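Multiple structures are listed underneath, in structure tokens.
Common to both upcoming complexes is subunit A, partnered first by subunit B, then by subunit C.
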Partner chain A sequence: MSLANFLVMRHELLLTAAALLVLMGEIFGDPLKKRSVNLLTVVLFSAVTIIGFLPSPPGSLFGGMYIATEMRLLMKNILNIGALLVIIQSVSWLSKDENSGKISEYYILLISTLIGMNFMISAGHFLMFYLGLELATIPAAALAAYDRYSNKSAEAGIKLILLSAFSSGILLYGLTMVYGTTGTLYFDEISDLLVNGNLQVLGFIFFFAGMAFKISIVPFHLWAADVYEGAPVNITSYLSVISKGAALFIFVIVLFSIFPVIIESWQKTIYVTAVLTMTIGNLFAIRQQNLKRFLAFSSISQAGYILLGIIGGNQLGMASVVYYLVVYIFSNLAAFGVVAAISNVKGKESIEEYNGLYQTNPGLSLVMLLALFSLAGIPPFAGFFGKFFLFTAAAQKGFYLLVLIALLNTIISLYYYLLVVKAMFINKSEAPIEKFRSDFPTRFALGICVAGIVITGFASIIFEVIKDMSYGI
Partner chain B sequence: MNTGIPLQYFLILAAIMFFVGIYGFLTRRNLITILMSVELILNSVNINFLAFNRYLFPHKMEGLFFSLFVIGVAAAEAAVAIAIIINIYRRFATINVEDVNEMKY
Partner chain C sequence: MNFNYTLWILAVPFLMFILLGLAGHKLKPGLSGLLGTGGLAVITVLSYITAYLYFFRTGATEGVYTKISAFNYTWLQLTDKLHIDIGVLLDPISVMMLVVITTVSLMVHIYSLGYMKGERGFERFFAFLSLFSFSMLGLVVATNIFQMYIFWELVGISSYILIGFYYEKPSAVRASKKAFIVTRFADLGFLIGILILSFNTRTFDFITLTDPAGPAITQTGGAAFLGLSVITWSMILVYMGGVGKSAMFPFHIWLPDAMEGPTPVSALIHAATMVVAGVYLVARMFPIYFFAAPAALEVVAYIGAFSSLFAAVIACTQTDIKRVLAYSTMSQIGYMMLALGVSGYGGHDGLGFMASMFHLSTHAMFKALLFLCAGAIIHAVHSNFMTDMGGLRRYLPVTHLTFLIACLTIAGIPPMSGFFSKDEILVAAFHHSWFLFGVEYAVAGLTAFYMFRLYFSIFWGNETHYHHTPHEAPATMTIPLIILAAGSAFAGFIPFSRLITSDGVPFETEIEWAVAIPSVLIGLAGIAVAFLMYSRRSGIPDRLAAKFKYAYKWSYNKFYIDEIYLFITRGIIFRYISQPVAWFDRHIVDGTMNSIAAVTQYISFRIRRFQSGQLQKYAFVFVSGAVLLIVLLVYLWNQ
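The block that comes next holds the complex of A and B.
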């Protein structure tokens, strides 16, 4: 193996270098100007994101343990863009005095989780998959407990670490059964050796339950709302958008490349969980008053829609899942960006406190409106086309009843998204949130999100590119 | 090769450990005990991997290496979990999960 071969894994190498440079910046930088680490990280991470888009030859490393295909590289690039937006959004929060002593820790933990997700997505062997998964979840728990002097943050951290360890245990127990019946852990070898045996199906069920915890599919979703509420807003947006997106990516890869033999079993499992996830996520979202919890349940129901794209097991489904996640990243990060901007400046997070926001802060209200319309799937925003392709993929395989249930759920979701819109635009308030001007990084990130929502909706070339790449995983 | 103990015995032991771990995770009220239950689950996974490897596929070492990595990762997980538990003790002055309930529904 020559040195040039290592360039196949340049995403991971670049991210590792960025994490180390941030650490060096913290150690050797001026101790009185800790905030310059913010600028350093944003610049470094922008460079990493841009270099990630340069074309590179697909290949595999370490005897097939690490695989890089066009589709997987695209997934990594999508995650990079999302993480860059989260980093830019966090700058104003990290610049507050209470966080001045722990800026670089935040970035290093965040980049570590991203390295884990990248390894996970490139896995060609279950060992690499497991190590990536753990590297993606352990620092995430440390991030959730980032606010040391907040009770809620500590509670969120312990819930996340215990449940992720528990779910990894269940997932691994399922893997042992697959290993016992096939004798290998390489993805491509397993798919040849699976014969739809009982033990293999049982192993798959355990594996599915473990992954369902990570994606927060009903009935394994109860941790999500608590963790999302307790963690600081910027970390919540990272967990609910990037972590969930990465878990969905690897879930699609594993289902499509390893378990096509037992497609009958997993279609039934996904059918039931998709219906439950959409319905329960939506019904619980209606009664939420805290916006973070509200967005948590909305993201649970979004995961239910995404399962519709997976269930068909076809190429269109793969493309629609990836496309929907692009849309989901932009829309959700815009919504969280507004919540974070208001929470950081005014400390207000409940829907009632947003009454009359349009009178005082029209800009933020419009961004929120756009994000919620996109999440609800109102044309012409990107969310509509994302949902349209997901439903098409399911309908193509004959799941008409499921598509009907999903459509009904879309209407329910419209109701609670519009509740927030009503609060901002119609409801009157004695003491609305005062007018304030957020700083440049926040406005910049929100601008990119809005542009993303509009452009991914109108530019059909994006879906075409994704569809062309989704021939092979 | 054949040590006289059939493979099933190891699998049954692992299954019992796994479900004892799940039971403990769901019923215990002390955070440290919950963490121990998780370790029990991970160790049952190790036993399964090693037994399958030794009895069915002795010419390959994948199960052995996997269990080594599981042990290492479990240690890292325990380190972070205990760090958070210490923080919880400082915040709440208890590590009983029923008292750590700031957020509900």
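The block that comes next holds the complex of A and C.
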């Protein structure tokens, strides 16, 4: 393999190397100093993230099964940043005594899923895509069951693996129909051979259902709440942010490059499911008392908004989806980071227990405030611009009614985001969560998230760069 | 020449605001004060360097001062044509404003170190002073009208916060609300004006907008409404924002109340800098006013003239010294507006423009000085009312002398700077309209009268009994007084017409004695009358007040403008418009919204059963969803 080939698929190779090195560190390292694995992983992963940003020419490998373009590399880099933040946020949780025996497992599983996502994003062939999908899913189920002596965590793991298998089956069924009618699994060939036949539409719907499961689009979302609630906080944040982000990335690529012929079908599909996703996600989120479930449902409705960027099939749409996911990663990881910080130290996760938080922990409350405002789309935070571009993309193609429904939904979402803000800043509590100081990694990761929210909102250059790389149908 | 560093002039006060705002309560109060003042000293030096480089090194190409876009950042690229930029624009007036603002602001910072010592919220005060300085500087260096609007509102909010600095005092809270609401109402006009203007000219950018040969001025026109072109209407609306911020009639009512803020704030914001933003706005857009909207320029002139006369009359009867100064500010800004309104464009025709800017800078010095002196006096006597004062010259020698210099300056007595700048304004008015010229002559006499009325009542007259002997302020307060006094006395000798002109081309001016001598005589006459009436406690003022009872009462009550507003808002708008709307809102709109919310809650309660936790049900819903989509797409919607 020449250096050029290495550069083309450096993300996957480096991640694999990192996973193996962590494993070596576990095996040959000093058993008494298990926690140094944390440092090792953070250093290795930071290096991978930085190398990922080095410029390299686009190219394709394995006879077109693996494709690297500017846009796909950018998507991988975004995922890397998000995963790095999750890793840094996990350090303090992993350093607890009950986890000391299985620190490296966590990292190896997490990096494996990320390798799978990377392959998925770079796929030029449905087999490669499917391999990546499974690689991204199976270790994720193990991660969800990480807290193996907790019933809820084990339940989360088993639910995720069973339902994933189910959805994979349906997705594969859809792919067989596509293969049966076109005779190929290469993306570029399929797009030429599709003719909008009923069987192909049927195949598309099954494929869509499988992807919708990963993105947790209503009505394929039911697993999400249970899994998110059962899994440890950091893993929930990984699943609901990074995993979902990766699925959305690949979804955009596949829809834009394989299925332009049946655009009318998928626009209708997305229309229906986007309305359902935004509305039902919001309606469920209103009632949640547990912050993990709350954020999980809010992220379901966020996925609904993102569908608005996809539906038009235009360049602005792709740019707005990628940009929104950057914003979404920073904002959600900030919110999850605060929940994790409090849950790790105080074990409290319900909204009521956050009453009066501002009095005792103003720093964390302000980070949470910023994150929630960004998620709610209040200007001038990044989330506002993200939603603005998404809605513009849909409006540009004439989906005015859909935009109106989305706007109504943002109002509902504002209500429940503000409920949390109200709890922290206005509600009084007899016994608020006591003042505490998080350790360095947590604060560092939160600092990056805050900087990300602010900078992404104000530096228009970021959107410009993304837009230049984007393309429409 | 690279002026990139001018970005720091904005960045330093902003960073100071963040630092003092977030970490101020952890620092020692003295340290945070010094930090704020130090930051301002840095940008003052930078501003002076910029002024030196611009005026004497690189600003002029072939003797003409050009507009330099020192820095420009595209903030929001909404479409290819519609973008909002943030940047730094250097031209004679913005560089001049940099110098004026930083000088006065630095003096006020130093003064506040003494004046605010021991106050609660000392670091908060300095944090907001930094925020204000940042906003004001961002306003003057704006490269486009939208940036100006953003900073315009930022200035408004910092003014609001600082007026309400003593937020436990109900009167301060009321005053801050009043200032904010009145100026915000005026800003509505400004915003609409901006939108109409940029819709017609297709640009926000000042350089393009104000180029006399550019498309914005030459190619607009056409559409008309009520006999005035659309550009004229937009410029009148833009001016409405200036009327609000600069406290011109009829939006002046907030300024006297704004005196509830700490005195250094009054000096900085409500005398020297923020209130002249309206003047600056008109000066910034001057070519458009002159070429494309001459009718709007007439509006500027007449509102300015009326405000200056109106305020001067009120100032003669007020007894709260800060309110006298507030009305005097309004009157002087009226002068500046008038000067712009009567100005021509280019060369010597642009005398009014030059005079307005000249008066703006001298006024900033002497009015800041007057307020700071007032602060020192209030500090010593613990009262705002001149009836509680008298004979203070023996106790406050420095304040007395500097106050006297400021009074002579504002009265236009040579060789003080006020003489020169006011003289230029009068000359410009003289060439434009006899009527306006006459009004301004009268105002000149009134100004000298009410200022010396103030001076004699405070420092001469009969001593009242003080609870404890008044004493001179500390050095941190007196040094700024002395510096500003020196500025007021000597700033008149700056060759303004060679630096700041309407089109960047320098010209020469000389004093027109035919105008100057009568104006000095009128000033002296005003002083003499004040001397007769107030240098000793005589019965004359009371007898005059009794004789012209109604005129006196009207003036003392500020012509009941506040009451008229209250009647219009409470008696008419609230009762006949707001109350029915409120009823409709509470019962119909809220009712609809509440029922929507209730339905939302109900549905969200009912659908919770979907989330049963049972795997097989989840799979069932999954398949049902897929089947439903198939039914919809393959059978129902497949035409």
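Following the convention adopted for this analysis, the second predicted complex is superposed on the first by the 466 of 473 C-alpha atoms of A that agree within 3 Å, B and C clash if a C-alpha of one lies under 4 Å from a C-alpha of the other, contacts with A are read in each partner's own complex, and residues count from 1 in each chain.
Here is the rule we go by: contacts are C-beta pairs under 8 Å (C-beta built on N, C-alpha and C of every residue); 3 or more make two chains touch, one makes a residue touch a chain.
Given the structure is predicted, the values throughout are model-derived calculations rather than measurements.
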{"item": "First, second, both or neither for A:Leu162, with subunit B first and subunit C second", "value": "both"}
{"item": "First, second, both or neither for A:Phe249, with subunit B first and subunit C second", "value": "neither"}
{"item": "Subunit B versus subunit C as contact partner of A:Ile170, first or second or both or neither", "value": "both"}
{"item": "First, second, both or neither for A:Ile280, with subunit B first and subunit C second", "value": "second"}
{"item": "First (subunit B), second (subunit C), both or neither touched by A:Phe425", "value": "neither"}
{"item": "Which of subunit B and subunit C A:Val201 touches, first, second, both or neither", "value": "second"}
{"item": "Partner chain(s) touched by A:Asp226 [first = subunit B, second = subunit C, both, neither]", "value": "both"}
{"item": "Subunit B versus subunit C as contact partner of A:Glu464, first or second or both or neither", "value": "second"}
{"item": "Subunit B and subunit C footprints on subunit A, overlapping residues", "value": "162, 166, 170, 225-226"}
{"item": "Residue ranges of subunit C touching subunit A (in the complex, touch as defined)", "value": "74-77, 600-601, 603-605, 607-608, 610-611, 613, 615, 617-619, 621-626, 628-630, 632-634, 637-638"}
{"item": "Residues of subunit A touching subunit C in the complex", "value": "159, 162-163, 166-167, 170, 198, 201-202, 205-206, 208-209, 212-213, 218-220, 222-223, 225-226, 265, 268-269, 272-273, 280, 283-284, 286-287, 412, 458, 460, 463-464"}
{"item": "Footprint of subunit B on subunit A - complex, ascending", "value": "126-127, 130-131, 134, 138, 141-142, 145, 148-152, 154-158, 161-162, 165-166, 168-170, 172-173, 175-177, 179-180, 183-185, 225-226, 229-230"}
{"item": "Touching residues (chain side subunit B, partner subunit A) in the complex", "value": "14, 18, 21, 25, 31, 34-35, 38, 41-42, 44-45, 48-49, 52, 56-57, 60, 62-63, 65-66, 69-70, 73-74, 76-77, 80-81, 83-85, 87-88, 91-92, 100-103"}
